[in-house]
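In what follows, chain A forms one complex with chain B and a second complex with chain C.
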Partner chain A sequence: MVIDEQIVKDCIAGKRQAQKLLFETFAPVMLGVCMRYCHDRDEAEDILQEAFIKVFQNIHSFRGEGSLAGWIKRVIVNHAINYINKRNKIARHEKIDEIKETEILDFNETVEFPDEYNPALLLKLIQDLPEGYRTVFNLHIFEDYGHKEIAHILGITENTSKTQLFKARRWLKNKIEETRIKKNSK
Partner chain B sequence: MQEQDPIEEHYRKAFSGFEPPPPEQAWDKIRAKLHPAKADKGRMSGLKNSLLTYSRSGRIYPLLAVAAMVLLFILIWYSYSNKHNIRGHAYAGETRMCMGTAYLFKVYDKAKPYDTVLLVQSAPVDDKGFYQFHGIAHGNYMIRINPQPGTEVTRNFIPSFYDQDSASSEANVIHIDSEDPTVDVHLLPK
Partner chain C sequence: MGQSTNNNSGPGKNLDELFRDAIGRQEFSPSPKVWKNLNWKLLIRELAHFNFTNVPGLALVSATAGLLIIASMTFWALRPNSSPSTSATTEVPASSVVKPSIQQIISVKPETKPPSMAGKQVAKPLSETKRLTASNNTPVRKPAPAGLIAANTRIENTLTLSSEPKSPGITDQAVTTKRESVATIQAMDPLEFSSFDFTPSVDTISFVRSGEVFKYVRENAAVASFFSANFGIAPEMELYRSGGSTTREFNYWANAEFAYHFSRFSIHTGLGLGYTYDEGIYRMQYRSNDSVSFYKEVVGYYTDPADPSKIIYITRNHSIYDSVTHIADDRTRNRYTYLQVPLLLGYTVFESQKFCLGIEAGPAISFLISDKKALPYIDIPNGRLIQLQDNTPSKQFTNWQLWVKLSIEYQFTRNWGIVVKPYYKYFLTSPSQSGENGSPSAQAFGVDVGIQYLFGRKSHQK
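Right, the complex of A and B next:
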């Protein structure tokens, strides 16, 4: 379904049919985004609903300079982060580890995935990540934010952002290895 | 230096088209928050909302509109229910006059009818001497019949009011109250 300019205008005018169409078009993809930031689907749905209300309340500020999907995704991600911040689940208190560049490079090795491109399994791994690791991992990997931007968004230092990303990678690598070993032993 | 992590690349590919089943009921909840009055209304609450919120927002107040319509209907009904028709025949002697004009005058002072009249309506007298006035309000009236010029009647009769040969001028006045009267007019001979 193509969301054209008229539908956006109708959404700005508060027309329900247009709002419903826009929601139904983007809800599945955006739910996937929300699910990466949460422990479970219920929480993701809560974030999705609240974020879409913000989308409709602020859609007049969409200037059409980028894609509508990109704009909605930014609103969703921002809301997800605010939501998580409110719950105080981000591990801001985590001790800043000084990560050496060599350690990061050492990590750069081939990893065999147990289940080729299985989003459900990968999503489960992401959802199992500690909150702080997960948020930084999502922002860096999927939203393409740099550590400086992540530090600004989350109110942490760049070093903390780097540390949490490193730990997220290590955590995921270990989990993937564990899963691969279990699979091979069967 | 930006490292190339295979895990990251794998995740990006895996989630590039990831679309979980859409959430059920989510749109209903969003709609309820965006359009609370419309989403929550039942039949009665909708009526209640419309009666209250419209007046607050300065739009037309439906109850007032209905009252105005009822009032207008009553006025129209009252107006029509108090209107009457006057009909009758014009006579030239013992026979009904053929062709002419009937005039209806409103009388404002019954004691001096000829001095206080105002023409309100005229109607044709047909070939059987019949005439009729429509939509006449309550009040006092006089009717005058003029025969068509150049006819036999005009040679022998003069234009005449109703009951003009009566001794009292007040007797010429017709009072319209609750019924549709039949008024026959007899032309006075020359």
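Right, the complex of A and C next:
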């Protein structure tokens, strides 16, 4: 993913060939990001498409202070979250099903995954996560956001963020266990 | 319960790492339709916000030159290939000419009245002894509606003199014929004798009709006064010069113009509704918490089942964030609507049956009637805005201009025509308020293209 400065300048100037090159370079990785936030590929491609329009609209604000890939990824993630927010599908479980702090601490994060080299299956598990769990899980695990930041981005409290993350992990672990049991029983 | 740390010990893999390693860098090839749709949306967006500044100056100059060349070639190709008429009969369209029947052939005994009786003495009297008769192939115009007498012509007739005694019957007949001839001439279209052609036209036309010598005298090359209205659109390029640099803006006008024409002169006024835009220039200073590093925290350990002498530590990464200040520029698009009122004096340089070439000049005033300023795009995740600086130059509410227009008209029906007016504007007061480099000087170039309707003017075209 080497994009030189000239291509960025050409994208700012609106040159289509440069825009296409930028798209072809980053689209595969960014589609992977979008896939984690959506239920299916069609939805992910919609988000990718809209997010790249934002990328081209605002690429002039990229100051070169970090990697271009990181900047694009941030735009993609922001757009994905906005997209989800618009659909209003983020579950708000702040008052229900309170999780005790000790319950979170006792959670054993270690899992035995029988087919850990099957990324498609793992992606499917993430896509099957409830919307709210999935967003928090993605932001925390893949984008390295802390709970404070997640709370700010999603407009929830830090405790909610922690709870959602715990539930996501527990949900995933249960699913993995089920998969493992099914496989062993065969 | 009651454990103070996450219990990650035991065989298997940490859940987070499992997902991060397996799908953290997963790639998928997007389907071709994604770029296709994206390309289409970008194209639509570009068209909706088309900016001529992306077009090279050479291309703009070439396009303008090409248009002028095509317009010139069209003009010369369609230019009427007529020479000025020197006689009434050659101007008469075939459809309006009838041959007199044998009964209409008359023999006129000219009156003995002195020539001065019919107004000015303008023609040299023919031989007194000569007896003139109307030729049997003399064209006779069909009677036309009355009231079309040329405003700029004076008809004089001189009867040939004869020494022969006149008989009363013949005299009456001659007088009647003379009146008919005068009426016929009066019915002729004034433009037949007063069209403004490149070739020099004669001011005096003499001809013989029904035994009489008539003379047309064109006193002035003026036509009757009339009104006209035209509606057009005008793309315009505006140039601002300030502090040694020149910036361009593009305006689009819809104009309704009314004019009063008298002789070769005209007075033009009307209303124009214009749309223009410029760039909003913003500088943002914001501070965000950015991940600058990370450290590993040991959250557990266990002895390696394969080698009990080894201890395996379970760690997790913690990002380190710091507050970093950023400066970013953002450019938006501000939209403005203007109303303009010109007052121009026009002069017709050349006029033929279908074409008219003229110039117009005069002052105009523009009013800013609405402005829509777009807000900058501020997307600062995990940060806060410190300062937002607006460097967009403000627009004046009114500004005065001097206009010069070249008017090219083509009448394709009796009253309807198209008009193309390339023009130049010089701004007496700048549309933008003074900035750091003082008030910018401005000028504009444009082409007004529209349709024109002439009220009351009797065009030569049938």
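Points to keep in mind about this one:
As a convention for this text, the second predicted complex is superposed on the first by the 176 of 186 C-alpha atoms of A that agree within 3 Å, B and C clash if a C-alpha of one lies under 4 Å from a C-alpha of the other, contacts with A are read in each partner's own complex, and residues count from 1 in each chain.
The rule is simple: contacts are C-beta pairs under 8 Å (C-beta built on N, C-alpha and C of every residue); 3 or more make two chains touch, one makes a residue touch a chain.
Note that the structure is predicted; figures quoted are calculated from it, not measured.
When both complexes are superposed on chain A, chain B and chain C end up clashing with one another. Judged by the touch definition given at the top, the superposed model places A:E149 against chain C, while chain B stays out of reach. In the superposed model, A:L21 lies in contact with neither chain B nor chain C.
By the document's definition of touching, of the two partners only chain C reaches A:R74; chain B does not. In the superposition on chain A, A:I12 makes contact with neither chain B nor chain C.
For chain A, the partner with contacts to more residues, out of chain B and chain C, is C.
Residues 14, 16, 19-20, 23-24, 27-29, 31-32, 35-36, 41, 45, 48-49, 52-53, 56-57, 105, 107-111, 113, 117-119, 122-123, 126, 141-142, 169, 172-173, 176 of chain A are contacted both by chain B in one complex and by chain C in the other.
Contact residues of chain A toward chain B in the complex are 14, 16, 19-20, 23-24, 27-29, 31-32, 35-36, 41, 45, 48-49, 52-53, 56-57, 101, 104-105, 107-111, 113, 117-119, 122-123, 126, 141-142, 169, 172-173, 176. Of all residues in chain B, those touching chain A in their complex are 1, 3-8, 10-15, 18-23, 26-27, 29-31, 33-35, 38.
Within the complex formed with chain A, the chain C residues making contact are 1-16, 18-20, 22-31, 33-35, 37-39, 41-42, 45-46, 54, 289-291, 317, 319, 321, 326-331, 377, 379, 381-382. On the chain A side of its complex with chain C, the touching residues are 13-14, 16, 19-20, 23-24, 27-29, 31-32, 35-36, 41, 44-45, 48-49, 52-53, 56-58, 60-61, 63, 65-66, 74-75, 78, 102-103, 105-113, 116-119, 122-123, 126, 141-142, 144-146, 149, 152-153, 169, 172-173, 176.
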